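What follows is a pair of complexes built around chain A, which joins chain B in one and chain C in the other.
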Partner chain A sequence: METYKGKVRLVIKNYPYKYRDYSHMAAEAGLAAGDQGRYWEMHDLLLKNSPRLDRDSLIRYAKELGLDTRAFTASLDTMKHAAVIERDKKLAVDMDLYNTPTFFINGRKVIGNRSYEYLKKIVDEELKNAKK
Partner chain B sequence: MKTNFAAALFFLMAVSYAHAEDKRYVVPIENSPVYGPANAAVTIIEFLDFQ
Partner chain C sequence: MRKNSISVLLPVILVLVSCGVVFAGRLEPFAGVPVQVKNPQTPEKAELGKQLFFDRRLSGDGTMSCATCHMPELAFTDGQDISLSYPTTKNWRNSPTLINVAFQKYLFHDGRAKTLEEQALFPMMSAFEMNKNLDYLEEQLRQVPEYVEVFRKVFRGEITRGRVAMALAAFERTLVSVNSPLDRFLRGDRKALSDEARRGLEVFEGKGRCADCHYGVNLSDDKFHALHVPENQALLNDPRVTATMRFVAKVYHYRDYRNLKEDPGRYLITKKKQDWKAFRTPALRDISRTAPYMHNGVFAALDEVIDFFDNGGGPGNKALKPLGLTADEKKALKTFMEEALAGEEIRITYPAVP
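So, the complex of A and B:
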């Protein structure tokens, strides 16, 4: 992302699989950190520490980021962002997605974990198209 | 004749597959977390599961 500063925008949709223990709570953790203006730092921590995403670990990551852990924990426990997460999930199901990650690069679908080089190639194509 | 039919079918499938890949989907951004400027030339929307 740093390579493309100002040229590329990244948007996250949560698609936690139902059968995985901590998927939903981890998505909640990201959005809860977002309430305190720290979504992307939490996003990076969650990816780095996955699959260690149990409640205690999530609260520890919040502490690491210097978040208000009381507000953060309350947000997790009340599943404050459940409606937004469910909306994203519904969107994913409606679009017939069954894999994460799935990327849409200017609308072009790329499924699954791809190499940085592969994604970069598509981004570069799109940047070239945009210049025309 | 049978082989020709199979080849034609395969060709049609290959063409439609290629078209599917070229399709551009519209994904609403709504209030999802965003990194980068709204006027960026490229928008990547990622459906993500942290676990």
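So, the complex of A and C:
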């Protein structure tokens, strides 16, 4: 994103895996951290520590990030952002998407973890097309 | 009678002598897909196979179909160094293209299956691929009226795992690379290749020794060679990959599977010493569209593959020797592979999955 400052907009959608015990709570943890302006930091911690994503671990990650853990825990316990998560899941199903991560770069679908170079090539091509 | 025998034998002997020490196989144009006696090809069966190919019911959690790792848009690969895998697991090998898979005598990088019908069930059952219980799959598909009807029409019988595999195989036999510049060139159109691609072909058949193993219609000898391809560093310290590797080794009765640290290749199947780290010679049709390369996807581009062979393969291998190609020769070789081997794009109309 730093390389393409002002040229690329990143939109992220939640798609917790349906057969994982803590995946929905982990999605909530990301959004709850986002309420305190620390979405990406939490996002990185979740990926780094997966599959240790139980409630106590999530609260520990919030502490690591210096978040207001009372507000964070309340979000987890009430699933404050459940409607957003469910909306995102429905969008994925409507679009016939079942794999994470799935990227859409100006409509070009890319499934699975990809290297920076792989994504950069597509972004560069799309930016070139956009200029035409 | 005797005279006739000699006149037939003589050209054969002359051809063998002219090859000398180097055995360079002959490249052949596409002339049709091998016929399957036990699974006759019909358009209806191939269409059913296409539906199944895109059906996520074939995976345990309903998130994966065959097309997940063999995407039509990516020349029936997934474009990854290591193939996509069942959620929460990790694969250990590259997803090979399905283009011209009908020609292969062995399937998988280690050749563990000899027919597409046999092959098709492996990924479905595999814990780190589609993770599907086949008894359950049969019952699940039998609950889909459209499938029940089509299977009855196509096979004159009910849905079985064997027939699922036969239909998938029939679809896969439609994925062929046709009318490439090489095909046209081999049929006599001398203008089908650019000058550089023709120079590349000379390197391919001569100094580059590629045609020692890459020959025939599919540019493969269908054999296994231990080239000692470098390890993919991304895999070495990933416990999920280690679990996958040892799981496969255990399934194939590799005695010391719990200490296994590298991919044994064909050895897992044959237990023959010469097959240690040997992998199937890949077909080369449409090669420019199927990166990354090698069984572990360790080379991102054809240049890296050419350099690997030019350097005589990996340390300690006995199959290859340094080639001493010049920069121009390498460039021509790459041009040949990119231009000459690219067949017409295979266009797939996505089926309506019932």
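Here is the rule we use: the second predicted complex is superposed on the first by the 132 of 132 C-alpha atoms of A that agree within 3 Å, B and C clash if a C-alpha of one lies under 4 Å from a C-alpha of the other, contacts with A are read in each partner's own complex, and residues count from 1 in each chain.
Just so it is clear, a contact is a pair of C-beta atoms (placed from the backbone, for glycine too) under 8 Å apart; a residue touches a chain by one contact, two chains touch by 3 or more.
Given the structure is predicted, the values throughout are model-derived calculations rather than measurements.
Engineer: Of the partners chain B and chain C, which touch A:8 in the superposed model: first, second, both, neither?
Structural biologist: So A:8 only meets chain B here.
Engineer: Looking at the overlay, what does A:20 touch: chain B (first), chain C (second), both, or neither?
Structural biologist: Both partners, chain B and chain C.
Engineer: Looking at A:123 after the superposition, I want to know if it touches chain B, chain C, both of them or none. Which is it: first, second, both, neither?
Structural biologist: In the superposition, A:123 touches chain B alone.
Engineer: More residues of chain A are touched by which chain, chain B or chain C?
Structural biologist: Partner with more touched residues of chain A: B.
Engineer: Once the shared chain is lined up, is A:53 touching chain B (first), chain C (second), both, or neither of them?
Structural biologist: first
Engineer: Looking at A:103, would you say it contacts chain B, chain C, both, or neither? Reply first, second, both or neither.
Structural biologist: After superposing on A, A:103 lies in contact with chain B but is clear of chain C.
Engineer: Touching A:31 in the superposition: chain B (first), chain C (second), both, neither?
Structural biologist: first
Engineer: Figure out whether A:39 sits in contact with chain B (first) or chain C (second), or with both, or with neither.
Structural biologist: First partner only, chain B.
Engineer: Between chain B and chain C, which residues of chain A are contacted by each of them?
Structural biologist: On chain A, the residues that contact chain B in one structure and chain C in the other are 17, 20, 51, 100.
Engineer: Sort out for me which residues of chain C touch chain A in the complex.
Structural biologist: Those residues of chain C that touch chain A are 56, 61-64, 68, 71, 78-80, 84, 87-88, 300.
Engineer: Spell out the part of chain A that touches chain C in their complex, as residue ranges.
Structural biologist: Going by the criterion above, the answer is residues 17-20, 51, 98-100, 111-114, 117-118.
Engineer: Would you tell me which residues of chain B are touching chain A in their complex?
Structural biologist: Per the stated touch rule, the residues are 21-38, 40-51.
Engineer: Chain B touches which residues of chain A in the complex?
Structural biologist: Touching chain B: residues 1, 4-17, 20-23, 26-27, 29-31, 34, 39-40, 43, 46-47, 50-51, 53, 84, 87-88, 91-92, 95, 97, 100-109, 119, 123, 126-127, 130-131 of chain A.
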